[in-house]
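Please read through the structure below; I'll follow up with questions.
Labels run A, B and C following the written order; every chain starts at residue 1.
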Amino acid sequence: MALLEVSNLVAGYGKVQVISDVSFSLEPGKSIGIVGPNGVGKSTLLLTIAGAISPKAGSIKLDSTNIFGMRPEDIVRLGLSLVPEGRQIFSGLTVKENLSLGLTGRRDKKGSHEAVARMHELFPVLSTHEHHQAGMLSGGQQQQLAIARALISDPKVLLLDEPSLGLAPTVIADVFERLREIIQMGTAVVIVEQRANLVTSFADETIVIRDGKIQSRLTPADASNSDSLNRSYFGAGD
Amino acid sequence: MIQSILDAISLGGLYSLAALGLGLVFGVMRLVNFAHGELITIAAYTLVLTTQFPLLLSLVLTICVTAFVALIMEFAIYRRLRGVNPAIMLVASFGLSTVLQRIYEFTFGALPKSAVVAPSLSGVVKFSGLSITISSLITIVLAVVILLAMGYLVERTSLGLQLRAASADFRTARLLGVRSNRLISSAFVLSGVLASFVAFILVIQNPVVNPYYGLNITILALVGIVIGGISSLRGAALGGFIVGVILSGLNTVLGNGRVYSYTWLFITVLIILLVRPGGLLSKGSELERV
Amino acid sequence: MRHGGVTKFSSQNLFGPIIIISALTFFVGRTSASLQLITQFTLCYFMMVLALQVFVGNSGVLSFGHGSFALIGSYISGMLTAPINIKGHALAMNQLWQALVPLHTNIYLALLISAIVSALFAALTGSLLMRLSGLSAGIATFALLGVTYNVFFNNKRIGPGSQALPAVPTISNTYILLLLAVLAIIIVYLFNISHTGRTLRATREDAMAAPALGINIYKVRLIAFTLSGFLAGLSGGMYVHVAGTFQVQDYYLEFTFLTLSMLIVGGSASLWGALLGTIVISAIGQLLLMMEQDLPIFGIHVHIPLGSRAVIIAVAFVAMLLWRSSGIVNGKEFAIPAFWRK
């Protein structure tokens, strides 16, 4: 049984339907990338899976538990965390406070101290800036904080919405290195990205979304083949 | 002169507590709870109707009743209005306020209820030739204590952290596991507790309670949170304090013209809003999160 | 889900409300003298609700300050038409203001003047306030109401202060008020479908995108605010000529809340919503009033305790908001139901 199973998901806001039929499944320790043109609904997809937006139809199962229609605060406690687009850290709160908030969603409250220590190890910037206001960190540092904050609740599945947004290439490489470490530690990861090349070569499988549906599925081999990438992005014969 | 300054500070403290009560609920729900005044009113009624009990018991009872009414407000009405257009929420809270006023009128009658609460606290204390009202001193002390307690709660407890986070970005807070229903209920209970203290201070000086007892101070508290900065609890407390000080100052300075103190107050408010739409503690032309 | 509102002329959208309001005025006004008076007051409230619809409905910005325009409109119309000796008594002895006493004219000119002055006042205050949005705008407009009320209530030199100014001539013919209401409906409708109206609604939906489209939010809001001030002033003028006396308290909190409720219950996004909301709230209020005094329905005497009417109205209002937050009509204009059109 897959860790995260999304079937025929229909999602959107109010009367507007953004996602009309998306299905994918994620195994433990694996990663899936999601790419597609701007505004196609990639963020909506992640927000819906995480529970921030009510899904309209279809099914979402986390480790065989049906999480369709559940509240986000309950989904976090079942083991699925989202790092939102734009990071959305609380700039008025300190780094330490941001991280503590992440602990709210932890199932196992007893392991909190160890979890904090582990995050500090993984992301040393958290120690150096522990009592600084989160809004004063650089983009890359904020991204690390956002990931740590989502990770500290010990999720089985981690969703990331455009982690490379607004970051310099070296910083991006750094972030993705840490993501690789996280995956190796056993967390399954879903990454939404604008930079198709980046995520296609990184993830085990990448799905391309267009017009609310899955256009094609790519593998890392396709990353170097710009022809197939372009075709899936823009559609053959368009 | 000293009395005037004390009056200004104590009125500022009082309004600061009132504004904080409004600010707590606004922070987590983006809702201006006009019915907060009715929380103050029911607290006042409870205080005035329980004078036969020892003061402490009366206070505890008042806090319980008020917090309970606040929870009912949240559960019965506001929970169903989450995510609705803020203008609608504002008018709905006005409607709820009217409903409660009518219910009070129905229950307690239109004629005011009155009883002397804590007689030891009215009167004056003499101090190197000056005569200072005890109530203004008590108000200042009480306000300081409560503001410090609230400050501790907000800055150093887990609940306070969740409140601050939710006020800044409710959706992200939920994505991290903050339980929205519990948090909002907590905010309402806290606002009820604050309302109780506001009522206590008011009732010492004016024990004549009618169904509209809390209306005036709520309007001014609302003005306070907007000029202080709607996006922070500190702003709310500050704004309330400023409104209280200005109003008290105007009353003293204007003498016979003091009927116009509201005019000057509102003009000041208009100026502040035109110069800093987000409130004094905001960063200038911050785009409204309403 | 808010609708964008109508964009092109549709006769049923315009004539539907006109026919309905005319029919209701005709039938209800005939039943009894007291209902005739109620109808007249309702037409005044409706004028104010229209004023609110023009601004609040189209811009999405809440205004608590329109009562001040009604107050000014009513004051000017009242002062211009009240008998000179009454005015002399009402104003305190003060040379400057006593010069106002001899100014006198007929009702219709007075109404026009008062509406225009209110519009000017709205334009003036709006030039400052239209920069604000959301809660700040709500508070600022409330402050405007507060200042106006406070000044007029306490100042005996420019007006009667907290006393009432009596003997203001009344308009006894309901159809004149109806005519004014119909004219206002036409004006509001034309504004709503005009370019300015549509532009303003665009800012309601997305205030951040609007400037990118070259829209000057400030300007379109100011235009709507001024027009809305004109109508609000007119509503005040109409009111003082129905009540027969000018009282500052008539235009303060209860008036503000009542008219805002009428707009919101009906649905602020459309003209039809404004009318329906006014009708519903007036009707319910009237019905409950009659029930307090024992109303026979189909032979059963329905009686509610004195004082409960106010509770019931307020409860119904809140319940209505819980049920349909965008108002009964949900943003739509008047349309003949589909199965009738065949």
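Simple rule for what comes next: a contact is a pair of C-beta atoms (placed from the backbone, for glycine too) under 8 Å apart; a residue touches a chain by one contact, two chains touch by 3 or more.
Just so you know, these numbers come straight off a predicted model, no measurement behind them.
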Minimum number of chain-to-chain contact steps, chain A to chain C: 2
Between A-B and B-C, the pair with more C-beta contacts: B-C
Centre-most chain, if every chain is reduced to its averaged C-alpha atoms: B
Chain A and chain C, separation of their C-alpha mean positions in angstrom: 51
Rounded Å distance between chain B and chain C, as computed from the means of their C-alpha atoms: 31
Separation of chain A from chain B, taking each centre as the mean of its C-alpha atoms, in whole Å: 42
Of chain B, residues touching chain C in the complex: 32, 77, 80-81, 84-88, 90-92, 94-96, 98-99, 102-103, 105-106, 110, 219, 222-223, 226, 230, 259-260, 262-263, 266-267, 269-270, 273-274, 277-279, 287-288, 290
Of all residues in chain B, those that touch chain A in their complex: 158, 161-162, 164-165, 168-169, 171-180
Residue numbers on chain C that touch chain B, as the complex places them: 56, 60, 62, 128-129, 131-136, 138-140, 142-144, 146-147, 150-151, 153-154, 208, 257, 260-261, 264, 268, 307-308, 310-311, 314-315, 317-318, 321-322, 325-326
Contacting residues of chain A [partner chain B, same complex]: 50-52, 71-73, 76-77, 81-82, 84, 88, 90-93, 97, 100-102, 104-106, 149-150, 153
